[in-house]
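Look for chain A in each of the two complexes below; its partner is chain B in the first and chain C in the second.
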Partner chain A sequence: MHKRNKYIIGYLYLIPALVIFILFTYWPAIYSFYLSFFNTTTSTGHAIFVGLSNYVYLFKTGQLPYPFFTAFEYSFVRFIFAFVISITLFSWIEVKGKHLLKNMIPLILIPILAISLIYPSLSFWGGDIYIVLLWVLFGILTFYTVRKMDFLKSHTTLFLLSILGFYIVAYYIGNRNIDLYTLFFKIAQNNSFIMSIWNTFYFVIIDVPITIGISLAAGLLMKNLPFFKVFFRTAFFAPYVASIVAVSLLWLWLFNYHYGIFNFILSWFGISPINWLNSASLTMPTVAILSIWEYFGYYGLIFLSGLQNIDQEYYEAAEIEGANSFQKFMYITWPLLSPITFFVMVVSLINAFQVFTQVYVLYNQMPGPYANSGLTMVFYIYNTFYNEQQMGLASAAAYILLGIIMVLTLIQFRTTEKRVEYNI
Partner chain B sequence: MKRQKKKIVYFFYYVAAVILAIFAIGPIVWMVDTSFKTNSEVLSYPPSWGTINALPSRTLTADIIKTRAGQSSNPSALSLEALLGSLSTTQTTTLASPDTIAIHILGASGYRGTGTMPRRGTLIVSLIDDTGNPASYPTNFSTSDFNKVVNEISSISPLSNDVEQSISNLSQYTSSSQAYILNFYDDFLYGSNPIFSRINFISNLLNLVGNPFQDQLTSFKKGIGPLTDVELKAISQILGNALDLTTNPSTKMKISEYLNDIKLYLDFNQFYEGQKRTKIDQPIELAFIPKSNQLKIVKAPSIVQSAYTSGDQIYITFKNTSFVWFLNDNVSVKANYNFWEVLTNFFDNYVSAWNSAPFGIYYFNSIFVALATTILNIIFDVMMAFAFSKLTFPGRDKIFIAIIATMMIPYQVLIVANYLIIHSFGWINSYYALIIPWSATSFVIFLMRQSFNSIPNDLYDAAKIDGASSWRFLWTIAVPLSMPVIITGALLTFLGSWNSFLWVLIMTDTANMRTLPVGLQNFIINSGAIFNQLMAAATFTMIPVVIAFLFLQKYFVSGFFRSGIK
Partner chain C sequence: MKRVIAILLIGILGFVSVALAQKTEVIFWEAMEAKLGTTLQTITDLFNKENPNIEVKLVFVGNGDQLDSKILAAAQAKTLPTIAQVYPAWAGSLVAQGVVTPVDSFADFSSAASQLYPSIINMSKINGRIYTLPFNQSIYVLYYRPLMLQQAGINPPKTMEDLANDAKLLTVVKNGKTVRYGLGFRTTYGVLTAVARQFGGGKYITSEGSLIINSPENVQALTFLVNLVKEGYAYAKFDYFDNELTTSSVAMLIGEGADLPFDLSDVAGQKDGLEMTPFPVGISNQTAPLFRGQTLVIFNTATPEQQAAAWKYIQFLITPAVQIYWAMNTNYSPLNKTVTTLDQWNLFAQSTAYNPSAIAEGLANGISYSENLPWWPSVIDNIRTAVENAVHLTMTPQQALDWAQQQSVLAQDKYLGK
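Now for the complex of A and B:
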């Protein structure tokens, strides 16, 4: 009896907040999932169950210039090329130039695969059989080389970056018209939702790494400066407090083509004025610059709090051993800071996927200056829902956004899990 | 040696920190700076830091309106009689208001573009002639002299077609010397297609006399405005030489026509200038009267009767004299402001921005919504966090994880369903829609739980033994102990609510429910690209919160340190 009372009291404490979470978070989450299977813009005014057709509509590709599989083949060859070169590079670092024989196989295979790129016409080798062959080779190779590589295991991100780098090289050597990337871009021209995914990823790829880099630098500076700490902290933090509409308005002025201060500063270095706000290719970078400015101080503060929590004794010990600043950063700060870095990565990633207001204000309620170049996923949801009144379609798009964020966060969790080192 | 090295390292730290700080506050400083500028300063390149709005006096670029069209096109310049006159006769024969001079104020000198003059302070208007001396006017004008000159110039012949036509046209004005003079100068110098226009007139001469005088004549094409007396005299000298050289009789005829044109003009101009015998002995000092078109005459020569203003122009009415006597003159306008007027100039953009949209309502809404959200958040979040931290009941940790998981869901994802739910409650366009859904925040709950966890359970047990209920323990012991984190949470929710945009945009559709960000966005759309006013609006929506938060920022930091993310 007494125990049950205690439980009831516990639940009573939860009730107000829980009601709000249920009404405005859990129930909408279920409800919009349900909505995503309905067409709400019918002539009768009643929503009609349409199954998955909202999702199908979102990814409708239209007429493809060439079959998906062809693009896949080309991309796959490029990927293998990048992968093999990266593996070779990493195994080279691993053995530091010794035991060359052991690593000969990838070295022999590189030229062969490189030639396959110079002759981009795949039919030269008879199409699909060639792909199967590559699969087999790829499997053997991976198994053979990755088996013993500790260096690679501890530098997964670096490895992925290296693959990406060599992929780009391969892309520019070979036939650029046929590639998954090119195909995706071509589909995006006809499908505004795919365009919005494209733009959002483009934004995230620019925004997140630079934000993390600058805010880490800001955090380190705030920690290590002997004087005027508060001044710099205040300065870095100021942009975060301002409302994003006011901030976007301010940057609308800074980016102004004729009278903006940016083009004026560029003119000191002899750079001719850049049409920041009126160029489709610069839309997302422009928005990214603004967002980096707005948020770096906030993440910098989070980094600072992490840095303050690192035990000073480590540094003292390192100093006795004669470590320089760079070594102290690499072997003490960076590993011990990794939980914070991880937190900032997750938060800034989720934040970056929500980019909307900046575009809305900078481009006068339009998704970019032209060609939907500023159409982000949230903008797509807003537009489909608010302007076109297609609740079902908007919900489906929202769920895909949610899915992408979830998947990326999970990947981050998985890849960083092993490397996040916790304070002892 | 080592210390030396450390100093260098610190030097680089400071360089980096200063660069980052400039990156962070530079834009804000530039925003505030721009918000004080005049229109013409905003649209000037290269940009400058200062603004004449801060100065007690400024020189305004101004022109006397000299054309017939300019005089008659402005109905506000007409006296009642003149207006009736203009209605009863044809336009061209009417002199709109012969006693009133119209001066067009272009804006601050030294800057490109037009700007409106602030309608306050005093204006010092000086009429000056070509040589920079004060302008003069006739005191006793004799009509018989005028008639004599008109007869004289009418008898000059042969004339070129244009001039001949103009003179025969002018003959209809002989009864009114003022109308004659205005139309004469309009035809010859200041009209839309004057006879002595620099380019056309010289081009005609070049076609006529050709090669030997090409260089001499071409040099007159340089310069602004119609040809001056001195230039015309020099041209007639050249034409005289050309007349001697040519043998072709038709060319000779043409040249002498042009020579007569110039002589006619110079004769008339000599008469006109000769009549002006009395100098204007002092500048005209005019003061703006608030909410009135009339200008107060502070100090002026006796011929000035009254003055008023309309748009970018000021009009000065004379006693016993006419503006036609100042056609060849220039005007310089200087504006003086006292301390309060300087202040008003300085904050002019703020006042006009504030008045052009209901920012008062937006401000109230923002403050009300943010405060209500924050208060509800503190109560609800503290309760929930306390339950998660100190109370035991089945499913506690599972519920906690479910709450924390909502941090991963961006609210934009749920906005469609939320709109429909709020719509079904009938809350669209109400404070409920802006406050209630935001009155519990999972991140704040997480922060507070961490903080409550650091309070020892023994303390709670001791309180229970002393007979305190959990409710009492929460508000009298736990909350005061976790104050820094609660303040952090309050600041985070306040800021989130204050800056919220998409939610407010969707949930409201009238001005009296909008908060500042949405109101500001509306202002941007409605006002166009007047960047000084836009920056003023951005400043007054941003600065109060920025300043408040800069003072409270230590709570942000300490909140993160104490409970934060370890």
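Now for the complex of A and C:
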């Protein structure tokens, strides 16, 4: 009885905080979900219930130059080609060129067949369903002949990268106009929301790995420096606390085409000046540079705290065994740091998907210099909400962003958590 | 007893006098930054002094876009001010929400309206009624650096053809690198519209409501701009041209009158300053300016007294004396017809180096840059993107405007609930 009373008092203490959360966080969130089913800017002057049509509007493709299925067929053929070649390559590495006679079919014939088929498949026979089926058979056959390989299983990332590489090769061999990627790009031109998804992913792909790499390096540096530790810690952390709006002025000058210090430094190496702020293809890299600079100190500090939690005994033991610093990093630091790395990965990914301020301040409140090259998802939401007053549409877009972040975080949890070593 | 009555009487008298002296408060949400703000404050102080029973309070709420979004929130929360400055599209949206009192419903509207250019009154028409009155309106003009033109031996261009030729003459190339562009322009909706107007376009929707963004005239105008960029005589970007003015790397600049205070400060201290000339004329052969700016709305959520007081304040704002003072200090165009006939203005125009008469020329022939339609911001966005794509040569002018047309039709359909 007495114990239960204690619990109740505990919960009572929590209630005020909960009320504030519900009022100012959950209620607006739920309300905006409700709002996403309304068209708020209408000729009648009041909001109208439109069901899912806001979501449909966001993904309207406009006129397609060719059917989606054709693009899928072409992409599929490319994928199987990349798959077959990758598998063969990995098998070669596995058997190291031995037993060639025994592995004649999978290791020599199949790749030759694949290479001789790819060009006709993508040029003259393109889009034929039978050709696609042939390739499917081909893929299954390859997979069956070489499925019992260990090297492949232990190097999944490398395998995926290899598939990507060969896919790109196949893309450049055949008819480049027809591909899921090209089709996506065509759709993005007519649909700024899809463009914003593309830009955001582009940003995330540049930003997250580099941020993690640099902040890990910064963390290691901050831990292992003999002196000036406090100085570097403060210096690296300063960008995170500085207002991005204030420092944007500085960055505008750094990136300046005529007088910027980046172009000045490049000129030492004989590189002609880069138009950082007025080039559509460089928009996302430019924004990423600013963003990495802003956050690496913060994540570096998190890495530092993780590094300091690793027991020194492991290193001492390793030193007695004669391990070098690289081995110590690979076999002690990296595995024991994995909970922190995982945390930083998840947080920085969520953060990167919400990129907005950096674009807003660098490009004079515009989505990039031209061609909407800096239109990120949050920018789209902001623009739809503030400038076009379409609250319903903006809410729908916000929920799609939420969905994307949730799915990706879930994937991260499912795929990466197994590799995380929670010791202690 | 006498004493009680005396106290009571004094009390009643005091109360009545306080009640009578009660000022009608007019809250004005404005977006006039820096010098514009102090000018508006001076004007307002004068009005408050002349009208002791009205107190107009200026509330600065950030730039125009911030003001618009604040009004949006206030309309939902029912905490609207008495008057506010809004962009035309937002005026349309507020009218649709039913929170605006049409200015034509006030007494002596017609006498107030007769002082202004009819073009100004036409801008404020929504569904056949006059809901708002434009206030800070600036027209597109051509800026030029007088010394550069003098060195090239040319006068400021009068026609679009001259503009193209002069841009060519004023461009300086050294060692294969352009060190000075003849013309600079921002890749905005407004610049294209101002140019398109000279080609007979600049209108994006017919009176029946069908979009004509990719009309031949508009395409021709965009082609004109793109060709200048392609040939290397013009430099175009979205950003402001402060760097280029500071370093003297553009000779002429398409801009709005109200940009002048900012642009002048960029060339401050340089031997030759900056002068204005009316926008070069096109096929119509007469000055056809494009207005860009905000309009004043009176909200019907205020009390009738407040609304009447606000109307009085607006009438004060459009008197010739105030309009001259406003134009002299901010370079916004004087909207009162009589201003250009007044000696005070003409003397000022003649004696001032940057040629302010350019901001008052051809106003009767002007149109607004924007339609009073709630979905128009999407059109502005689409056309801006089209200009950018064409100028950066990722699309041809025809393709770019076709694209803008197609996108804007989608926005219109969404608004109409199709």
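Note that the second predicted complex is superposed on the first by the 342 of 424 C-alpha atoms of A that agree within 3 Å, B and C clash if a C-alpha of one lies under 4 Å from a C-alpha of the other, contacts with A are read in each partner's own complex, and residues count from 1 in each chain.
The criterion applied here is as follows: contacts are C-beta pairs under 8 Å (C-beta built on N, C-alpha and C of every residue); 3 or more make two chains touch, one makes a residue touch a chain.
The structure displayed is predicted, hence computed values, not measured ones.
Participant: When the two structures are overlaid on chain A, which partner does A:408 contact: first (chain B), second (chain C), both, or neither?
Facilitator: Neither chain B nor chain C is touched by A:408.
Participant: Could you tell me if A:89 is touching chain B, chain C, both of them or neither one (first, second, both, neither)?
Facilitator: neither
Participant: Kindly classify A:364 by the partners it touches after superposition: chain B alone (first), chain C alone (second), both, or neither?
Facilitator: Both: A:364 reaches chain B and chain C.
Participant: Is A:169 touching the first partner chain B, the second partner chain C, both, or neither of them?
Facilitator: A:169 sits against neither chain B nor chain C.
Participant: For A:297 in the superposed arrangement: first (chain B), second (chain C), both or neither?
Facilitator: Touch partner of A:297: chain B, not chain C.
Participant: Is A:387 touching the first partner chain B, the second partner chain C, both, or neither of them?
Facilitator: In the superposition, A:387 contacts chain C only.
Participant: Now for A:39: first (chain B), second (chain C), both, or neither, which partner does it touch?
Facilitator: In the superposition, A:39 touches chain C alone.
Participant: Once chain A of both complexes is superposed, is A:48 in touch with chain B (first), chain C (second), both, or neither?
Facilitator: second
Participant: Using the superposition described at the top, determine whether chain B or chain C touches more residues of chain A.
Facilitator: Counted on chain A, the partner with more touching residues turns out to be B.
Participant: If we overlay the two complexes on their shared chain A, which of chain B and chain C does A:158 touch? Say first, second, both or neither.
Facilitator: Touch status of A:158: no partner.
Participant: Output the chain A positions appearing in both contact lists, the one against chain B and the one against chain C.
Facilitator: 256, 258, 364, 386
Participant: Of all residues in chain C, which touch chain A in the complex?
Facilitator: Contact set of chain C toward chain A: 65, 68-69, 72, 90, 93, 96-98, 187, 237-240, 243, 247, 374-375, 377-378, 381, 385, 388-389, 391-392, 394, 403, 406-407, 410-411, 414-417.
Participant: Can you list the chain B residues touching chain A in their complex?
Facilitator: Contacts found on chain B: 9-10, 13-14, 16-17, 20-21, 23-25, 27-28, 30-31, 34, 42-47, 379-381, 383-384, 386-387, 391-394, 396, 399, 403, 406, 408-410, 412-421, 436-437, 439-440, 442, 445, 470, 495, 498-499, 501-502, 506, 516-518, 520-521, 524-525, 531, 534-535, 537-538, 541-542, 545-546, 549-550, 553, 556-557, 560-561, 564-566.
Participant: Please name which positions on chain A make contact with chain C in the complex.
Facilitator: Those in contact with chain C are residues 39, 41-46, 48, 50, 57, 60, 62, 189-190, 192, 256, 258, 277-278, 280, 363-364, 366, 369-372, 383, 386-390, 393.
Participant: Across the complex, what residues on chain A touch chain B?
Facilitator: Result: residues 6-7, 9-11, 13-14, 16-18, 20-21, 23-29, 31-32, 35, 214, 217-218, 221, 224-226, 231-239, 241-247, 249-254, 256, 258-259, 261, 264, 267, 293, 296-297, 301-302, 304-306, 308-309, 325, 339-340, 343, 350, 353-354, 356-357, 360-361, 364-365, 378, 381-382, 385-386, 391, 394-395, 398-399, 401-402, 405-406, 409, 423 of chain A touch chain B.
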